[in-house]
Amino acid sequence: MFSVEVRNRIMIAHSLPDPFFGPAQNLHGATFVVDVAFFREKLTAHNVVVDIGAALDVLGKTLEPLAYQNLDVLPHFKGKLTTTEFLCKYVFDRMAAAALSGALGDDGKTLSRIRVTLSETDLARASYEGPISG
Amino acid sequence: MFSVEVRNRIMIAHSLPDPFFGPAQNLHGATFVVDVAFFREKLTAHNVVVDIGAALDVLGKTLEPLAYQNLDVLPHFKGKLTTTEFLCKYVFDRMAAAALSGALGDDGKTLSRIRVTLSETDLARASYEGPISG
Amino acid sequence: MFSVEVRNRIMIAHSLPDPFFGPAQNLHGATFVVDVAFFREKLTAHNVVVDIGAALDVLGKTLEPLAYQNLDVLPHFKGKLTTTEFLCKYVFDRMAAAALSGALGDDGKTLSRIRVTLSETDLARASYEGPISG
Amino acid sequence: MFSVEVRNRIMIAHSLPDPFFGPAQNLHGATFVVDVAFFREKLTAHNVVVDIGAALDVLGKTLEPLAYQNLDVLPHFKGKLTTTEFLCKYVFDRMAAAALSGALGDDGKTLSRIRVTLSETDLARASYEGPISG
Amino acid sequence: MFSVEVRNRIMIAHSLPDPFFGPAQNLHGATFVVDVAFFREKLTAHNVVVDIGAALDVLGKTLEPLAYQNLDVLPHFKGKLTTTEFLCKYVFDRMAAAALSGALGDDGKTLSRIRVTLSETDLARASYEGPISG
Amino acid sequence: MFSVEVRNRIMIAHSLPDPFFGPAQNLHGATFVVDVAFFREKLTAHNVVVDIGAALDVLGKTLEPLAYQNLDVLPHFKGKLTTTEFLCKYVFDRMAAAALSGALGDDGKTLSRIRVTLSETDLARASYEGPISG
């Protein structure tokens, strides 16, 4: 299995309003360093997994609406616990949809899997990995 | 598959008394940076893989008896070659047992896998990953 | 010149309410990885720059009131632009005061300089370095 | 599953002569930080995945013919698009062959998988992982 | 003294045609991760060292003519040994000129120092630091 | 001021037999990642700070007698507290002597300063920087 992994980042505010989260119930924030890995069994005719330029472009467009935002007030996160794990899946879903739609190029439609990793500090990170199903 | 990975570290002395290990047969030592990843197919009701606070607490308690020790004289390592690989499995077994016992919270009992990675230098690391079986 | 540098981290929300900051005028947040370096011309009788345990303890106590907070509503930051640079100086002032007060041990009083570095993303960081003057 | 991962690096020139690659069609270059992970279900009699000394030696010998070279003029890359993904597979094939030949020691013959990761910048990397089949 | 440091990167080919450089006499290449630190004694009215957006923009424009190039054929490097140290100074000179010209904003004119660091591998890096003199 | 910095590493055992060090009084160990930076005001005729090959060679020879050793039983550390700070100075003295002796090449004799940094964990490091005086 081949992979290519690219990186971007966002700085956001949010709160996790459930006693389970202790002090993180407060409105606080995070820098998320976002790594997205694309997987494919065989390379394309260009000897790549995916068009890296298109991948970076789609990742940038996926993160832009979150950058410098308070996630607590964004309509699509209303009533959600925006944990690091949850945000991994949120980014995954958008990257997978972009792959299937052709936004990563024709070769993007035949990717097998995507993994999204969000590092929240030097000591903790979360990820979501799954197949891309058309 | 979702994951959450957390980090801690220990500084230990040990020797690897077999000619296979060349100069590492000598009593020497290492800083092990320890990353433990927890895996789960679906997030819990709190949108997490595991209670990170509990995970860090259990990891700390697992490493504490090794910290600042000479592994050669600890009774439970008597006659063992305490390679980095071996120590990955040692930490894995304790983290898996903690998960099954409820020490990571009730959600910890339904984790699917754990991976333990020990980095011994900037150039070398080992890992053990396996299922948690009740 | 000798130094010892130790690390901790905080996750905070804040805004930078001035047009100069573009999108960072919004309420957003950051993970700050905080490195504090202590400098001394000659080592102490224990061959150290400072008691690392005491240094870590003071750093933890300095950061704790900021951890998981919205800096915009903390009284001591009222009307301040809490840039990364500003926060470096804020941490520096508290570490320097701790040194002079003896909170880092008697040897802490004779440190020559302190440098505080806050990394806000994988691509950007700020620092403040200055002498400790009694 | 156990793993051990070791690191080396090369600095090379090459071009990617296809319009797909935009500015990377030019003759340019890269530092590739090369991580090779070896996987095994059970540890050997020495409690290791593989003889690290032998692994480092074989990795060094695999990379040496590429180090400080212009890949465009090496006969074995004639007419190939030497993408990072392609080079991961190139290193993989040589490490797998070495394992099967006994160059990693007798235990190397019973490794289950190898993964090769090439980091080309702080923001992008590729990998190839596959089974070792005799 | 305050600092702010930002990062970008380039991938280039070059050779170092002097027997002093051994195998690096060959045409080869490198990824240079470029960190530029700006220093100032007192913060500006906005509590910053420099306008980070402007700094990143100027750094990007400085590196763009080198990106994906063979330095050996660029007219301004004709007959020069383009060592990592030399390239640090090359970037420094352009960043310092930009500061003095106002390209980093009016506050950029009153910066005291700049440091440019180029990391060429995980094991080696070079830097140049100097005052900005009008 | 120009610098070039190179890296190597050692794994050692030692104890710090004084109550000041708490649990580190025990025989334990460490991986020290060793970075040595060489400083020079003007580049040499080859546009370098120092011959990197010679620098790496001297660093390797300096560290080799410590690698895989128990520092407590080495004659030259008899009765010394081998703290990370102390070891920085130990490496510095040997690198400075090598520079003055010509072991780094003729250009090594005119270096202005050397800085040695030992990272002992992901959270702590020490350094010594000083002039080279003939």
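Some observations on this one:
Think of it as A, B, C, D, E and F in the order they're written, each chain with its own count starting at 1.
Definition applied: contacts are C-beta pairs under 8 Å (C-beta built on N, C-alpha and C of every residue); 3 or more make two chains touch, one makes a residue touch a chain.
Small disclaimer: the values here were computed from a predicted structure and weren't measured.
The chains that touch subunit B as well as subunit E are D, F.
Note on connectivity: the fewest steps through touching chains from subunit A to subunit D is 1.
Looking at which of B-D and B-F shares more C-beta pairs in contact, the answer is the pair B-F. By the residue-number overlap criterion, the interface of subunit E with subunit F counts as different, with under half of its numbers used by both chains. Centre-to-centre, using mean CA coordinates, subunit A is 27 Å away from subunit B. One inter-chain figure worth recording: subunit A and subunit C are separated by 31 Å, centre to centre, where each centre is the mean of the chain's CA atoms.
Inter-chain centre distance (subunit A to subunit F, centres taken as mean C-alpha positions): 41 Å. The residues of subunit C that reach two or more other chains are 7, 122-123, listed in rising order.
The touching residues of subunit C, when paired with subunit A in their complex, are 7, 9, 11-14, 23-24, 26-31, 33, 67-70, 120-123. Subunit D makes touch with subunit B in their complex at residues 1-7, 43, 46-49, 51-53. On the subunit C side of its complex with subunit E, the touching residues are 18, 20-22, 80-86, 88-89, 122-130.
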